[in-house]
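To keep things simple, chains are lettered A, B, C, D and E as they appear, and every chain counts its residues starting from 1.
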Amino acid sequence: MIRKCSLTKLNDFFAAIAGDKTLYIPASDGAGGAVYKKWDSNTQYLDVLNTVKSPKDFFFPHTEDLMEFKVKGKNIELLDIRQESEDFVVFGVRPCDVKSFDILDRVFLSEPVDSYYASRREHGIIISLACSKPSETCFCTTFDIDPTEPEGDISAWKTDDALYLRANTEKGEALMALVEHLTEECDDAPVVAQKQNVKKILDKLPLAGLKLDVFGKGKTEELFDDPAWDTLSEACLGCGTCTFVCPTCQCYDIKDFDTGNGVIRYRCWDSCMFSEFTKMAHGNPRLTQKERFRQRFMHKLVYYPDNNDGLFSCVGCGRCLAKCPVSMNIAKVMKKLGGEK
Amino acid sequence: MQKINRDVLIDRAISLLNSGQVSSVLGWRQGEFFYDVTPAVFTDENDIRENFVWNDFCGANFSKYLVSKTKASDGKILVFLKPCDTYSFNQLLTEHRFDREKVYVIGIPCEGMVDTGKLKAQVGDGLVSAQSTEEGLLVTTLYSDEPVNVDIKSVLAERCINCKSKKHVAYDELLGDEGQIEDSDRFDEVARIEAMSPDERFAFWQGELSRCIRCNACRDVCPACTCEKCVFDNPVSGVENKAPVNSFEEKMFHIIRAFHVAGRCTDCGECSRVCPQNIPLHLLNRKFIKDINGFYGEYQAGECVGSRAPLVDYNLEDLEASDVFEGRDTQ
Amino acid sequence: MQVNKYRPLIVAFCCNWCSYAGADLAGNNRLNYPADVKIIRVPCSCRVNPSFVLRAFQRGADGVIICGCHPGDCHYTSGNYYTRRRMALLFSMLDYLGIERERTRLEWVSAAEGAKFAATMNDFAEQVAALGENKRLEDLRCKR
Amino acid sequence: MQRIGVFVCWCGSNIAGTVDVQAVSDALRNEPGVVFSTNYQYMCSQAGQDIIIQAVKEHNLTGIVVCSCSPRMHEATFRKTAAAAGLNPYMVEIANIREQCSWVHKDMASGTEKAIILGKAAVAKVNLNAPLTPGETPVTKRALVIGGGIAGIQTALDIADAGFPVDIVEKNPTIGGKMAQLDKTFPTLDCAACILTPKMVDVAQNDNIRIFSYSEVEDIKGFVGNFDVKIRKKARFVKEDICTGCGLCTEKCPVRKVPNEFNLGMDNRRAIYIPFAQAVPKVATIDPDACNMLKSGKCGVCSKVCTAGAIDYKQQDEILDEKYGAIVVATGFNPISMDKFDEYAYNQSKDVITSLEFERLTNAAGPTQGKLLRPSDLKHPHTIVFVQCVGSRCASCAEKGKEYCSKICCMYTAKHAMLIRDKYPDTEVYVFYIDVRTPGKNFDEFYRRAVEEYGVKYIKGMVGKVVPEGDKLKVQASDLIAGKQLHIDADLVVLAAAIEPDKSARPLATMLTASMDTNDFFTEAHPKLRPVESPTAGVFLSGACQGPKDIPETVSQASAAAAKVIGLLVKDKLTGNPCVASANEMMCNGCSTCERVCPYGAITYIDKEFRMPDRTVATRRVAQVNPAVCQGCGACTVACMSGAMDLRGFMSSQIIAEVDAICK
Amino acid sequence: MHNDNRKIADEIILRSGVNPRKCMKCGKCTATCPAFDRMEYHPHQFVYMVETGDIEPLLESKSLYTCLSCFACVDRCPRGVEPAKLVEGVRNAVIRQQGKNHMTADDVPGKLDSDLPQQAIVSAFRKYTK
């Protein structure tokens, strides 16, 4: 069943949700990009394909305090300082990003369950949004993601005049009830039309033909020593841009911050591209940038599928293609290792 | 449109490579899209003919690569440097970061590079192709039926609009015509921020720096940041951190980074180019450059090899720290 | 009322040869200044890394003052000249970021200037107190 | 983890009056690392020190914090106490709770609170202290004196008298310097030669002194106690050890018209010459630019007349490698060039001369055998005008003159004027002055005698121009007191030219990594307290290379420098300050930034092979701090971007720990 | 001292760009002055009087116009004081007070004669075009 909300009522729609739960929507970051902002009546929805950072922040924040050790004299007290999650809604999550949550879930929700992540996941409600204008950097179809048919608690399509909504889960149903007065039942013809238009564009995308044949489960030995890694990695700066804009990168570091009165133990995103990544007492297991570079792409294309029934940990959102300072990215890796130039 | 043709570069590269004068060529490699260009080491003639590019999107400054590439190479490396890149080149030589003898520099003129972000903002997403014309670019997108004509000036990177020099300060060989040191307005934006009230300045930078994701791209691309181990990666340095945990950490990172490159930063603008969050990082470095020029006399890092950076120099009559704000508004 | 006035935390880096001795002289002469001022001894003002200044602010200092020998009198001949440049640029940068310029100071205090030391500290403490708590360079983690 | 003992001193009521010492020792007992904490009335007393020693033993302390008076007062005391207790003396930190706490705060509550915080900071620092041992380097017991003028001579004699070998390097064929050219000396009017030449003989005869004349310093490496110096002995084409100095060759040499530099070109010498009769070493030297034999291979007269067979036309420059423990710079001065002072017609008339030329004119060994005859026509001048401050105190004309006062001109001009009036009372002598500066023993009396007894006409004013006309020099000058412009027909004009450091000083300073001021005078380690030392350890300054000086001042400084050198050479080993910088080589970028800020030249760079973290072997350029030279200022630690450079005793981590402790 | 005089002196200092405090009273300017005999006040006195603010006598003095503006004093001054510029500054102050020059540049050609040195013509224009 599909319902529609006129775009003229979009603000009322947001207000209705925000009246009950915290709502986040894509908005301008003031510097040409988009960022999820907490909605209030001044927040302008930005119709943008993708935010700079993916919405993985909502479940796996960039930094997160885990616990605190409070020192008093020579005594140490241990405090649980986690902030309890409340229900929240994220609006406008693109189909690729929605898919990324599955990839993160397999890491954080498998045993031992990451309770911090689980709690957020439980409280989060996703209103996805189908793509109407894919970018040249998009290649989600490579990973069997249909950008016109998003998943999430509620799927949404936006046309020139209306927002079309379909609840997929109980959480979605409940949320739909909140906005029932702003929506009406309708037929899905405009949605179907949009899908057909987008499909035509998808065929024209420059990365449409990207192939996954050589990747996936059990390909480690074939790919690990491929000489192509040398040239692929030669320009890599070792920064964490790709990692930090990536919706599926899930590595983190746990660090202690000495407050002067104790220690706050927190975790923050880490990047396998960093020279200090997973440094141990003996030193660093991956000594050169080539090895670190290889790690990132092998993880996405081989190691993760190895451990997760062949599922790739890339969703083709294209963020890294747009943001890499030296324009080196997973598409080039896939082509090169796949035998293209 | 760049004044010098790709073919001229390729011919020189191939002839130097074939003559054995150089063993490899540091140049730009064509990527998936017309605008994505990757720094690459070429050693093969056919590879150069097919994949070497020189167009309005070759922004990357190769100087820093020389630090690692000269160490890894036994032979000479041919590197193509745009005027602004040569300043970084000299600065690195001043700091003994690589062996000059292992590099063959070809200076090439530059007409400014395009900021893809600005281009997308103008013609929309879905860039398919671009053709350089006399006045600009003819761009086709997935969503426009006709190619769109774009005025090159409107999409030039900020650093190119405010280009400080079209003159090479280092080269073994120059292709094309030598340019001049430019009269740029590069400090206008700094002055505009200085003219704000402290509250406005605070709000401005708080806003900008709050977007920082600590990807380190600015540091890792910076030709002045070639430390064997960065203080921000060193747990005993007292400033190490990995994430912009709060607004203090955001500021700490950028203040210390700007301070470490103060007097050494050539204002190449790579930091702002690579920032995925479009933080105008060059405005921090330019603030130091503007102050240094104002307090201690004009100084351009990298202008000549071996010059004494202002922070490792002094004058008996230097300005007192308390007089820094003289003539500027009080709070 | 004195009681309600905000009591700032002030870190003073003093060079061993001039300013620290100047502070000692202020003590010898029983010249009062607020107990909010805490002195850290460094061999020369040029030992003060800008990151120490930021560190102090992070950890809760409301003002940071660096004291060294007068230009020309540096025990190491040139240290304070470098300090002067470093701090001039640092202070200007902090101001550029909208951080109150009154929270930082560089002052030359000789070993004979006990009175100047005390007067400087009184003045600086007053100035910082007037600004109240350091909010713009604080790290909330250090305040809990 | 350290085991720290805290000792809080009452200092009678000095501390205990405003600080609750019990509360302080109680509070600090809970600090991390602290295993013992106590307080006592007088920690510095023997009883107090015994408490410390006993506690170290009883509690196995590894670190000590004393909360007491200023470390400037008793740090050394407590370090000795620690050593007595078997601890490394650098494991002690002092919290200054007297001068910087109890004495400046009246309120007990805030005083106590602050004392606790200062104590915490000291504890935090000691937690990171490491035992430090001062480095030791051996001392080469030989000194080098660069320059053989009166400064170098005096320094060398004093060092040699103390029993240490010393070498003098002099670039000219003889030692003696400027003083050898002088006639009389002010204010006593002794004959310069009479007091200088015996000293030169002493030098020649002193077994501890070697003279390398006609030699130059080529290169200097090393550091205090251990300098390696290359000395170039220029070929003089005469075997020094064979030449008897008989002078026959200098009479027979057919090349007669070589300007004689000793007489400032006012007469001629031969191509083979001995600068003056009392030269040391008294050995002939062939001027290769003038000698026919050396230029064209045609002549050989000197070789023929030399019965000793000392002439060697094939002689080559020789490079000597010598080692020294200390180096004294005594490179002296020269009058500046008068070429740019067109207004005084120096280049137009032979009768406009500098004061040094005047010295030669009145010197019995000079071109006129001491008779005052003017150079142009060898007639006795009847009207002589002295112009003061030519090129001195010249602020606007950096390319012409010098901004400083040359210090010696007022006195030697008074001397000249007086001597003329004494010998030739029929001569009118005018001295045009801006100020007459006579601070010195018997100096003003001397000047007044010139005016009062000898009738020298001192005129407050300046000469504007000198125009040669016929056999006269038309002098146009101002008399500011009379408010007149004077026109004097003079026979001789003497210019008191400013003096400047010798040109060899600048390259020498570079070799020594010794600093210079903008005028190329060497900089002292401290302008008041260390005036004869250069900031570079082991390098000392003697004479006018440090600033304009007259003879007595030069000699005093020369002896002072010698005393400093002796103080250094008498040591077998140099014990350094252990609180010095050191570079973490793995983090060092080799960028030379630290080297540029080091005031002592303590940092050098070497290429060194490393096994890198990626298990490759790489040759990297890294900084090396010479602990014998480093004074521990820490300038390099901040200049170093990567944080590779740190300062022992004041490590970044220690200072940060103090900051943290204070701010928590 | 008269306040007005000080003001005028400061004005002259400002406009001429000359800092009379740099003067060390050596008198070389006066020694070098070719117009000394015709001048009531001599270059060093000009400098001193402006420094002390003793302006009135200067303003009334004929010396202002006997100065040849040959700039010999400027060239010779060891301290870079530039007395001639100061004389010119005083002259301008008078002109400003009077509201006019006692001659204009246009009058100069009429007074030219063949004996007049080139320098005098140049300095006449220098003086009267102000």
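Keep this in mind: a residue touches a chain if its C-beta (ideal position, glycine included) is under 8 Å from a C-beta of that chain, and two chains touch if they have at least 3 such contacts.
The structure presented is a predicted model; accordingly, all values stated were derived computationally and were not measured.
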{"item": "Those chains which touch subunit E and also touch subunit D", "value": "none"}
{"item": "Pair exhibiting more inter-chain C-beta contacts, A-D or C-D", "value": "C-D"}
{"item": "Farthest chain (mean CA position) relative to subunit E", "value": "A"}
{"item": "Subunit B and subunit C: spacing of chain centres that average the CA atoms, whole Å", "value": "37"}
{"item": "Intercentroid distance (Cα basis), subunit C paired with subunit A, Å", "value": "46"}
{"item": "Whole-Å gap between the CA centroids of subunit A and subunit B", "value": "30"}
{"item": "In subunit E, residues with contacts to at least two other chains", "value": "none"}
{"item": "Subunit A residues counted as touching two or more neighbouring chains", "value": "257, 259-261"}
{"item": "Touching two or more other chains - residues of subunit B", "value": "231, 237-238, 245, 311-313"}
{"item": "Interchain contacts (touch definition) - all pairs", "value": "A-B, A-C, A-D, B-C, B-D, C-D, D-E"}
{"item": "Subunit B contact footprint on subunit C (complex, rising order)", "value": "50-52, 54-55, 57-58, 71-72, 78, 81-82, 84-102, 105-107, 136-141"}
{"item": "Sites on subunit D touched by subunit E in the complex", "value": "343, 389, 393-397, 401, 432, 434, 460-465, 476-480, 483, 485"}
{"item": "List of subunit A residues in touch with subunit C within their complex", "value": "257, 259-261, 264"}
{"item": "Interfacial residue positions of subunit A with respect to subunit B in the complex", "value": "29-33, 35, 49, 52-53, 62-63, 133-137, 201, 204-207, 231, 234-235, 237-241, 243-245, 253, 255, 257, 266, 268-271, 274-276, 321, 323, 325-329, 331-332, 335, 341"}
{"item": "Subunit A-touching residues of subunit B, taken from the complex the two chains share", "value": "31-33, 36-41, 50-51, 60, 65, 117, 121, 125-128, 142-143, 207-208, 211, 213-217, 219-221, 233, 242-245, 270, 273-274, 276-279"}
